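Naming follows writing order (A, B, C and D), and every chain is counted from residue 1.
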Amino acid sequence: MGMGIEVRNRMASRAAKEIKAGMVVNLGIGIPSLVPNFLAPETEVLFHAENGVLGMGPSPSKGEEDAMLCNAGGFPVTVIPGASYFDSATAFAMIRGGYLDMTILGGLEVSEKGDLANWVIPGKRIPGIGGGMELAEKAKKVIVLMSHVNKHGEPKILQECTLPLTARRCVDLIITDMAVIEVSEKGLLLKEVMEPFTEKDVREMTGARLLVREGGKK
Amino acid sequence: MEMQSKVTTLENALSFINDGCVLMFGGFGGVGNPPTLIKGILQKGTKDLTLIGNDAGFPEIGIGKIVSAERVSKLITTHIGSNPIAGKLMVEGKMEVEFCPQGILAERIRAGGAGLGGVLSDIGMGSMIEVGKQKVEMGGKTYLIESALQADVAIVHAKKADYFGNLIYDKSARNTNPLVATAGRVTIVEAEEIVAPGMLDPESIITPGIYVDMIVESEGVNWKWAWE
Amino acid sequence: MGMGIEVRNRMASRAAKEIKAGMVVNLGIGIPSLVPNFLAPETEVLFHAENGVLGMGPSPSKGEEDAMLCNAGGFPVTVIPGASYFDSATAFAMIRGGYLDMTILGGLEVSEKGDLANWVIPGKRIPGIGGGMELAEKAKKVIVLMSHVNKHGEPKILQECTLPLTARRCVDLIITDMAVIEVSEKGLLLKEVMEPFTEKDVREMTGARLLVREGGKK
Amino acid sequence: MEMQSKVTTLENALSFINDGCVLMFGGFGGVGNPPTLIKGILQKGTKDLTLIGNDAGFPEIGIGKIVSAERVSKLITTHIGSNPIAGKLMVEGKMEVEFCPQGILAERIRAGGAGLGGVLSDIGMGSMIEVGKQKVEMGGKTYLIESALQADVAIVHAKKADYFGNLIYDKSARNTNPLVATAGRVTIVEAEEIVAPGMLDPESIITPGIYVDMIVESEGVNWKWAWE
């Protein structure tokens, strides 16, 4: 998405603050995979992977990777005491059964109603749906981590998504390089503006109306 | 990282099992029914239960005790042949019974835990089993729609649990327990032994702890009577 | 069913002859559970139980029973090397998936088309369906072991069953205290008559037409 | 009692995998794809395959090699993002692709192995996923009917097999393998290690041998490239 590692780390660090002790969390590929680096080491979180792991720990040291132990993105991981392995049907049974407290996903577009498009650009890129649809529909809280605008500089937060949807009314929080935006009953709530941007910058680069909560951080 | 323990007292666990609740239980022919929880339910006096599980146990063992004590208003099960009191209560109209083929009950419970609406089955076409069920045609075949089952509370017996609720079972006492463990909005495990996370081999864990809400220590089982 | 242990053993012994090496077999409760006693010890058979065991071995010696290891009827069993434990959904997935070579069941009535009734006597005994329906419908070969007549001396082998069916056109072979009868495309085939009965006895006590295969044993 | 061994040669196993067959494979992102069997299929020249499995692997690793070599006429999968050649073949009309949500593909395979007609799912309602699928209303909700999937041949990777075909897997290389193992009319296992029956703990066996028809010894795996 053309964002430097510093910006991506800042976004991941902000997302990490949403994770509370005891949560079961699934991280999508890309920026979401950076989130664990910003958790306090004593935070009691269970990371879940669609291929069939619950209780993933930090990335292994160079040379310590196990070819038989990776996350759904194919990256080597470790496990913590209390972890378990299971098949992919069970991994998704957990997701559909409502056992995931949070998922942090990438996004192509998010609408002001919380619709998410993140799986296909018709005529261009058709990677397939993967597990994103089930995560977006069924996790208790869905956070989208994405660049605020696309590579043409156009807003990705819109009144209505233009791309095929992954899931409707699923997104709870959007964290971008410019802002933190909550999807509320009343519409999009601008909660935080990232340095060096101003509220005006964010509004200009957003394709939907942004509300500001009274007493909220701008 | 230290995992928060889900181990609790029998009293606290029982506070989630109340009159009128839908209670799903693990076990098959008495074996694998959680005896300590069942004893607790009996002592508490909980009634008007909708019970979901493989069978009605035996009159004086396992889940059968709850049936015999007339605490059940509806039973969704596969057979009650081993508990004549269940048959009597059914005939007298004191307990409603819904019969389901055994493997289909297992699938309906699994579907409930797995966030599916149900499964398509060809078992029991043309028999009493199809009464009241929707049918679909697919690929030139007709299937019954067997709906998913969930419960307010699921009670389970395990050989070992770690604090997080990862479970392993003991031989054929596994039976329906891993399925039932997934399908309760609250899942309570009675374990023979409780260990620290990391003490169970992650490859051999049958029920990942994500499904478990509470763990109580078992006072021990005695299922031998079923065949003596 | 009012048959002595000697008769029941003879029926079980006859059923045992149908079991070939390498088969996966599920035995119902009652007389079918006696069948393993009549297998040659070296016969390579895998006994399957609905509660979740594959590879059951002989009954344990008195005092050696394990409360945690029983068959679907609740009787203590042992396991052979290569056995496995699984949940009941998997046990029935095997049955419905067509992985069982044979089941040996009890019966209340069998029709000449091979319909089986073995689960309910309306108004009298309603034990429920258990796992019999799936076994009868899905095992590759279904053998029924039952007394030839009911306790009122009436035939249990009929043109049409009068009791609610367990499954239609499922029975391949009927073994009773009086005869061995095959369910063929053309109808019921009398294959063997048990001592001390005669073919005439069997015909009188059977409520359907019995064919005799040319060159077959009478 | 001695169990008959299902261990066979690669050549014999490959004789069951022929042009036009429906081939289901275990593995997720390359990891868990059986490399020795895949190499054998490539060398044999088998083509016009209908492939069913989690993803299209990577261009030069795992099942991806078979896709890249244009041996596949139809692919039923969840995503092909990691194999650009798959996308190119799809766009050029050289390979038909049917996309399915990941967990629903897993359930369709499980249903195929479990003798069910399919499952009821609410995943993808209102999206492209529902195109061409039957719907049912139940309990005030609408579900898609997701049909069961079976294959002529299923290929699976395991850590250890005994002669009878009881299998255990290795950490996250388990993934879709236990599901795929149940859904082939012929199931062929590639195992890292083959042992005598009784050497695997009956409590820890993930795939009971009843599902397995043939076992070949693996020449070893190297999945590291996927993330290097």
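Simple rule for what comes next: a residue touches a chain if its C-beta (ideal position, glycine included) is under 8 Å from a C-beta of that chain, and two chains touch if they have at least 3 such contacts.
Not measured: the values here are computed from a predicted model.
The most distant chain from chain C is A, comparing centres defined as mean Cα coordinates. Chain B and chain C, compared by their mean Cα positions, are separated by 29 Å. The centroid of the Cα atoms in chain A and the matching centroid in chain B are 36 Å apart. Look at where the CA atoms of chain A average out and do the same for chain C: the two points lie 57 Å apart. Centre-to-centre separation between chain B and chain D, using Cα means, comes to 32 Å.
With touch defined as above, residues shared between interfaces to two or more other chains in chain A number as follows: 79, 85-86, 89, 92-93, 95-96, 138. Shown for chain D are the residues in touch with two or more other chains, namely 107, 110, 114, 116, 122, 169, 171, 202-203.
The chain pairs satisfying the stated touch condition come to A-B, A-D, B-C, B-D, C-D. The touching residues of chain C, counted against chain B in their complex, run 49-53, 65-77, 79, 85-89, 91-93, 95-96, 125-131, 133-134, 137-138, 164-168.
Contact residues of chain B toward chain A in the complex are 1-4, 110, 113-116, 162-164, 166, 182, 196-198, 202-203, 205, 208-211. Those residues of chain D that touch chain A in the complex are listed here as 28-31, 54-55, 77-82, 87, 90-91, 97, 99-104, 106-107, 109-110, 122-124, 126-129, 159, 169-179, 206, 221-224, 226-227. Against chain B, the residues of chain D that register as touching in their complex are 107, 111, 114, 116-122, 134, 136, 138-139, 141, 143, 145, 147-148, 168-169, 171, 201-204. Chain A contributes residues 21-22, 24, 41-46, 48, 54-55, 79-86, 89-90, 92-99, 138 to its touches with chain B in the complex.
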